[in-house]
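Residue numbering begins at 1 within each chain, and the chains themselves are lettered A, B, C, D and E in the order written.
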Amino acid sequence: MLKYIIRRLFMLIPVLIGVSILTFSLIHLIPGDPARSMLGDKASEAQLENLRVELGLNDPYIIQYGRFVGNILQGDLGESIQSKEDITIEMASKLPATVELTIFAMILAMSVGIFAGVIAAVKQYSWFDNLSMTGALFGVSLPIFWLGLMMIWLFSVTLNILPPSGRISSGIELHTITNFYLLDSILTGNWTAFKDVFQHLLMPGVALGTIPMAIIARMTRSSMLEVMNQDYIRTADAKGLKKHLIVFQHALKNAFLPVLTVIGLQFGLLLGGAVLTETIFSWPGVGRYVYLAVMGRDYPIVQSTILIIATIFVLVNLLTDLLYKYFDPRIRYD
Amino acid sequence: MSLQPNPIPDPNSIPNEEVEKLKSNRMWVDSLLRIIKSKTSIIGLCIIVILLLTAIFAPLIATHSITDQNIVNRYQPPSAEHFLGTDELGRDIFSRIVFGTRISIQIGVIAVGISLIIGVTLGCVAGFFGRWIDLIIMRFIDIMMAFPSILLAIALVAVLGGSLTNAMIAVGIVGIPQFARIVRSAVLSVKETEYVEAARAIGARNGRILMQHVLPNCLAPIIVQTTLGVGTAILDAAGLSFLGLGAQAPAPEWGAMLSDGRAALQNAPWVVGFPGIAIFLVVLGFNLFGDGLRDALDPRLKK
Amino acid sequence: ACSDDANSDDSDDTTDQATEDTEGTEDDTEDTDSTDDSSGGKTLIFGRGADSIQLDPSKVTDGESIYVTNQIYDTLVRYEEENTEVKPALASEWETSDNGLVWTFQLRDDVTFHDGNPFTAEDVVFNFERWATSGEFIYYGYMFGATEDNLSGIIENVEATGDYEVQFTLTEPNAPFLQTLAMPPFGIASPEAVEEHGEDYFKNPVGTGAFVFDEWVPDDSITVTKNDDYFGEVAKVDEVIFRTIPDNGARFMELQAGSIDFMMGLNPQDIQTAEDDENLQIVRRPSMNVGYMAMNTSKEGPMSEQLVRQAINLAIDKDALVSLYEGIGKAAKNPIPPSLWGFNDDIEDYGYDTEEAKALLAESGYADGFDITLYTFANPRPYMPQPKFAAQAIQEMLKEVNINVEIVENDWDTHLTVTENGEHDMAFLGWTGDNGDPDNFLYVLLDKDNAKVGSAGNIAFYKDDEVHDLLKAAQTEMDQDKRTEYYMEAQELIHEDAPWFPIAHTTPPIAASQKVLNYLPHPTGSEPFNLIELDE
Amino acid sequence: MEETDSSLLKVSNLHTHFFSKSSVVKAVDGVTFDIKPGETLGIVGESGSGKSITAMSILGLIPSPPGKIVNGEIIYKGEDLLQKSSKQMRQIRGKEIAMVFQDPMTSLNPVFTVEKQMIETILAHEPVSKKAAKTRALELLELVGIPDAKKRLKNYPHEFSGGMRQRVMIAMALSCNPSLLIADEPTTALDVTIQAQILELFKKMQQQLNMSIIMITHDLGVVSEVCDRVMVMYAGKPVEFTETKKLFDNGKHPYTLGLMNSIPKITPEKQKLEAIDGVPPDLRSLPKGCSFAPRCKHVMESCLAIDPALTKVDDNHLVRCLLYEESKEEKVVTP
Amino acid sequence: MSTLLEVKNLKKHFPLKSKHMFSKDKPVLKAVDGISFSVQAGETLGLVGESGCGKSTAGRSILKLLEPTEGEIYFKGEDITSFRGEKIRKLRKEMQIIFQDPYASLNPRKTIEKIITEPMKIFNIPKEERNSKLERLLDVVGLNSHHKHRYPHEFSGGQRQRIGIARSLALDPELVICDEPVSALDVSIQAQVINLMEDLQEEFNLTYVFIAHDLSVVHHISDRVAVMYLGELVEIAEVNELYSSPKHPYTQALLSAVPETNTQQEKQRIILTGDLPSPANPPKGCKFHTRCPYAEAICRTKEPKLKQVSSDGQMAACHFVKEVVEN
């Protein structure tokens, strides 16, 4: 198993190299002058040129790429052109924000999605099935930016029960340890903060989690239906096992495997969706960070963020793959 | 005991050339029938048809010009004059949404066209020829898949510049891996079937096998993915426009309209609300229909 | 687009300061009845659209940075609370030689930096030397005419002529010199801190101001705390938090929900809502800006025709356009705002007359109209809160006279680059005054000196020798009446030539909770918060 | 069917239909048979003739919707299984009546060990400890002839060969000492040599445990090897029901005869096979009259109109054919 | 009779995934591991064996649908082993195959007409000829010509198998390899197809290699029978010879395992113990020794050769053939 993991990690290398090349070259095709972004509109051409030399923007691409990869391998993501802030440090606060949001959304999506999918499959054609699958279909068709705005309109503007933006209210003190606020508030036993953080998470979490939730529900249902038609379920029935045992043990464990793959893929959707969600909810995470950087053509930020997100995504997929193999005894590791 | 030979005519042998000819299209007709039988896919189909009709007859349906402004009358709530109210420049939202259907269709067709053509070609080649070609193509697809799609689209639009055309291209490119993978796996499974081997056994060349035997049998997943892909493309392009990376003013693109209306969310929620509903309905239509198609074309359900 | 909403009005052409000192209205009402459950002190939370870039004011041009540095630093002199008259700050008095070349400042002797070091004349010298020896300090170069070859510009020498006396020697007279020294970029930093932190000084600012820098969480918040030893009026609140909430709408909702106390960058649409809300108030910043549409006069084709430019001025319904500002804008007829001295109120605006416009177009041979580009930008600016809507409105209006406008939207940086390169036919832009001098508008925006392709401030590329002569004369003339006369005449010429379609002067609205008292927004775009009180 | 009382299971006039929007599939349409304790009953018929559905009906495992038992009685040990609640049926399944399915490759849950799958059956029906259940599982595996049973218990199904899996399935079916074992084509998916092993195992088990077996198959060879009595099914109906020996020596129904003649025999002299013409009917639109009539060599005018009843032609010999109705002694079932 | 097909020492090994990238030994699955036999024109050679023993692989290798790993194939005296590309395509005219699965072997998107005429189209047979041939083929396989516009899914399994047969006959081949053509069919239908194939053989003077696992079917249709076990031939003989006096213990066991409808005589059963070993990891020596009731030391080490065991050409591969005969 360990060997297998190592081998799989090994196999990631070409993908990651490809990803880095693609990221690097994409970003370098972006028009606009990073030097100007940094110096603002009152800088002279000479000042701009100085900065270009300083940043090595005039070097051949190959050299720039080499430097880019070299730095990243040393854990140095570079500096923001605009704020001069060390990107590695900024990531330390932004990445947890995004990861917290994505995980929250994913947990939401998984718990509701899997539950609804299982019930819908077991009670095929029942009102619950119809309702939840209609809901799921609506879910995959919703523009999440619109959903986000409508939720703000409803819950923040009209009902005024949920905060429209941010991770935590200004007045609330939270001693951060992990930068996952929910976790931190639990660790420090700060329940006021916990409630506040949770309220802040709710709307962006729902907005972000809706599509994966819908997809997971549909996938779970169809996977369950397929499994429920399998011979071994008939066998379990013929053995006189209790219904819940059949559904939640025999069927779900088998049906979960394809769902797992989907969950892995959904992480990509979440990470991408974070750009929209974080923009709408002013969530101080990586998604908004990269979006603002794209708009301001802050090369180093865009490069390293996209690379990091892609790497995370690749790792998550690796993880689901490994879990898949772990759950499925049929797969061998050689 | 009567021992005469079987006097019962084979019910299959009633000679009727005409009927048989008619039946020859039964495969598609059957699928179609199945689609029509499903309520949800009919709803989806209706939405799509309405969308198409709206796009075609937009000038007849729209009650106002889409660019005519009436700044004094901006942010009017829905009324008899303006069914869905007016926007920030006093333009009629209903008419703009009506004309927006044209843009949506354009997005769907072009973006999915790009994914379809490139994706299907890559998937076919990879699946059919296998070996190193497959390896190279699939590694490339893997790399593309490593980027969350919206992020990749944003990066692409950032490179190409924000415009509707570029947004469509970006969304199209982002959709390639999906098609490539679906087609490849379909090709792989079809390639192993006995009828492909039979084709080889009767001396058919690769080109013939691919075009006559493999591809036609991969059509179902391609059709389904195309339908669903149109919905996704519209959604993604709207997202890009929402971020200011897609359609440019004064084009009545729904995502852009929604984005422009944001500032008035508190005072004039309809400016945000209706374009969003329009996007939702259209995407829903394609999803419903795609789902119906999937069920209808799924060989497992054919029995 | 959405980027516009994400960034609020960061008035990055803005500078300045209006701190306070003198008479001590010292009502030390330091109650603990603040709304916040934190330290028990009064916390003022300020919502804004973007984070500061650097907290070293001499290096930045963006308004978001200035809001914060304005709290931390003092300048030698400062503006009055509500206008750009100059009054003492770190310098208690000053005099100038008759030829206007030597300026001598007497400094206060009771000032200490936040790090405990006393403030002396040497510190002033240190700061000016720092700025004058590197190209990094953009505003210095810009205001004092520094170039690559001459990094110190018109300031020949800065010398400590005593512990608390400093003398500036200029190479030529400069009418707005004192005004300029009041600008926030010239806040005096602690030399020790600058040397200690080196590259990272911008994250660890140390000044003499009413607030002490405390903490900076990038893209989230910056906290400053009250400086109890402040030489001027000690702040009425214990702490100010600058919170970054990119979306205008969301920020306003936070205000409505009470989680911030006041905010900039209000969507015009929300003004009415705020006014209707009994817990909120709208404070309007006095106007010292202009938003305009420049026409590229040096480009071959219709824009080079004076008649066409006049026709465009006639063809746009300015009142309707300005009504898009939802009451925060006033129609502009001149390049400078009416609040500035030298404003020519005798000029009559073109008015809205499509027939006349058509006639002019016909006269210039464009009866059938033409195709033209209008460059605009995504991010809202204080002088143009919704450039996208304005562009579409103009596009539609010009259609009436057969002018077919293609809108080209770029984000802010790109917009600057392409317009400076003169790629546009017409382009939106605006200006917020830096120091309250008409020169800061007219010379910068409409003189032929500033019409160089690639770095133009004059993006109409308007090159009129008569105007140039007038502006040049006004620049070196020290007599204000004469200068006024020159500017009046220049405005008339400009009106006639119509290189611009001036749009509006805005009074950028600030929405605040009713609890916020005594808040006086300054025309230059930012102000120290030490006078603000928090009720309840 | 005189000795009703001595029957372990008596199915009478069973009708199981599948309903779809446009049609009704009469998968089982009037099946009647009984089985005595210790007896092996064979059910033969071509694919689709309703064999499996009959078995599933007995166990109450018809997927519903679309399936429904529309008529009939299933009397097991004197009680009608059709009247039982689903909870009661669960207690009967696996304990009283166990089942072995056709495809050993897919009938075991791939994600659980064999041990887990075996003990859960025991634990579901017997009040024993987990440990006892494990011991029992081990015994059973040894009983069905799995070498190295102790180690094999920990294995997953995919680690077994087809024959071994079928043994596991049988062991599992036997775990609660059922009185009736229904084996649905237990050897069809296996190779001949393995089939021989499994059939041998069945015989052994029956002798040791004295249970009744319903052996469903389409292979007349299998029937002749293991069954005491046989029911031949065609298009959802029994067409002949008798002792095995009688069937092979003195089969009566044209379908039975056709079936026997279409099987090539390993005899030195080769004869041309006598195929049955045509194809089995579509169960959605059965022909009027006898379902077999369109393929029957002996078809008569009346066959097309009258659906014959199962008629006793001899001791323990029932046939559903008009050819024999003339000499009818007793009508057993009127469908 | 002339020899139509001769196979010498044919091997087909499939590469298996190696343990890791750099491992030296490339594991292979020896699906067919050195079989030799010949087929006379006009005869039917039956090929039997249990599932996975390599019957289909052998058939496909002969047709060169799979590239043989080793060995030679002579067709009409010509060595076709090294044929590539066009040359193989030419061969297709003379060698055809019928598949096991009547559902999977017909392209569901093509009408019957297209399916049957496709081979002729590929070989550029003019349209009129194609059409008349189509009618004739439909007729001989017992299908109604009105069915030609239908799609495969509208036919029953037996009918589909007839379509497959018609397709394979479209080019007038001499040799047809039948890969379990009746295994998937119901007994009553099976008989129809077997009868049809027999008739066709007579009519078109076909040579069959008939692959099956059902011994009685093979017995019925074959002139000679070859028995395979784990990729190797263990016995080959004239049909009655083989069935009446099988020489190899595997053949004996196989025959005894067939359930018989004949209730009269109880026959002697040889129940083999254990399962078929995996072809990826076959036993050393005689591959059958793990299940053979007569196995001795030599069987575990030495691989027996196929050798003649009786005067009329019966061959078997067993060290103890003589003793077996005596038993």
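One rule holds in what follows: contacts are C-beta pairs under 8 Å (C-beta built on N, C-alpha and C of every residue); 3 or more make two chains touch, one makes a residue touch a chain.
Only a predicted model underlies this, so the values are computations on that prediction, with no experimental measurement involved.
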Contact distance in steps, from subunit D to subunit E: 1
Steps needed, at minimum, to go from subunit C to subunit E via contacts: 2
Pair of chains joined by more contacts [C-beta pairs], A-D or A-C: A-C
Whole-Å separation of chain centres (CA-atom averages), subunit B against subunit D: 49
Whole-Å separation of chain centres (CA-atom averages), subunit C against subunit D: 91
For subunit C, residues that touch 2 or more chains besides their own: 2-3, 247, 249, 253, 378
Shared interface positions of subunit E, touching two or more other chains: none
Numbers and ranges of subunit A residues touching at least 2 other chains: 31, 152, 157, 279, 291, 295, 297
Touch list for subunit D against partner subunit E, complex: 46-47, 161-164, 191-197, 199-200, 218-225, 244-245, 248-249, 258-266, 268, 270, 272-277, 279-280, 295
Subunit C-facing residues of subunit A, complex: 31-33, 36-37, 39-47, 50, 82-85, 89-90, 93-94, 152, 156-157, 160, 163-166, 169-173, 192, 279-282, 284, 288-289, 291-292, 295-297
Subunit B-facing residues of subunit A, complex: 14-16, 18-19, 22-23, 26-27, 29-31, 137-138, 140-147, 149-150, 152-153, 157, 268-273, 275-276, 279, 290-291, 294-295, 297, 302, 306, 309-311, 313-314
Touching residues on subunit B, where the partner in the complex is subunit C: 67-69, 71-72, 74-75, 88-89, 162, 242-245, 248-250, 256, 259-260, 262-268
Subunit C to subunit B touching residues, read off their complex: 1-5, 247-249, 252-253, 267-270, 272-273, 317, 320-321, 323-324, 378, 386, 388-389, 391-393, 395-397, 399, 407, 409
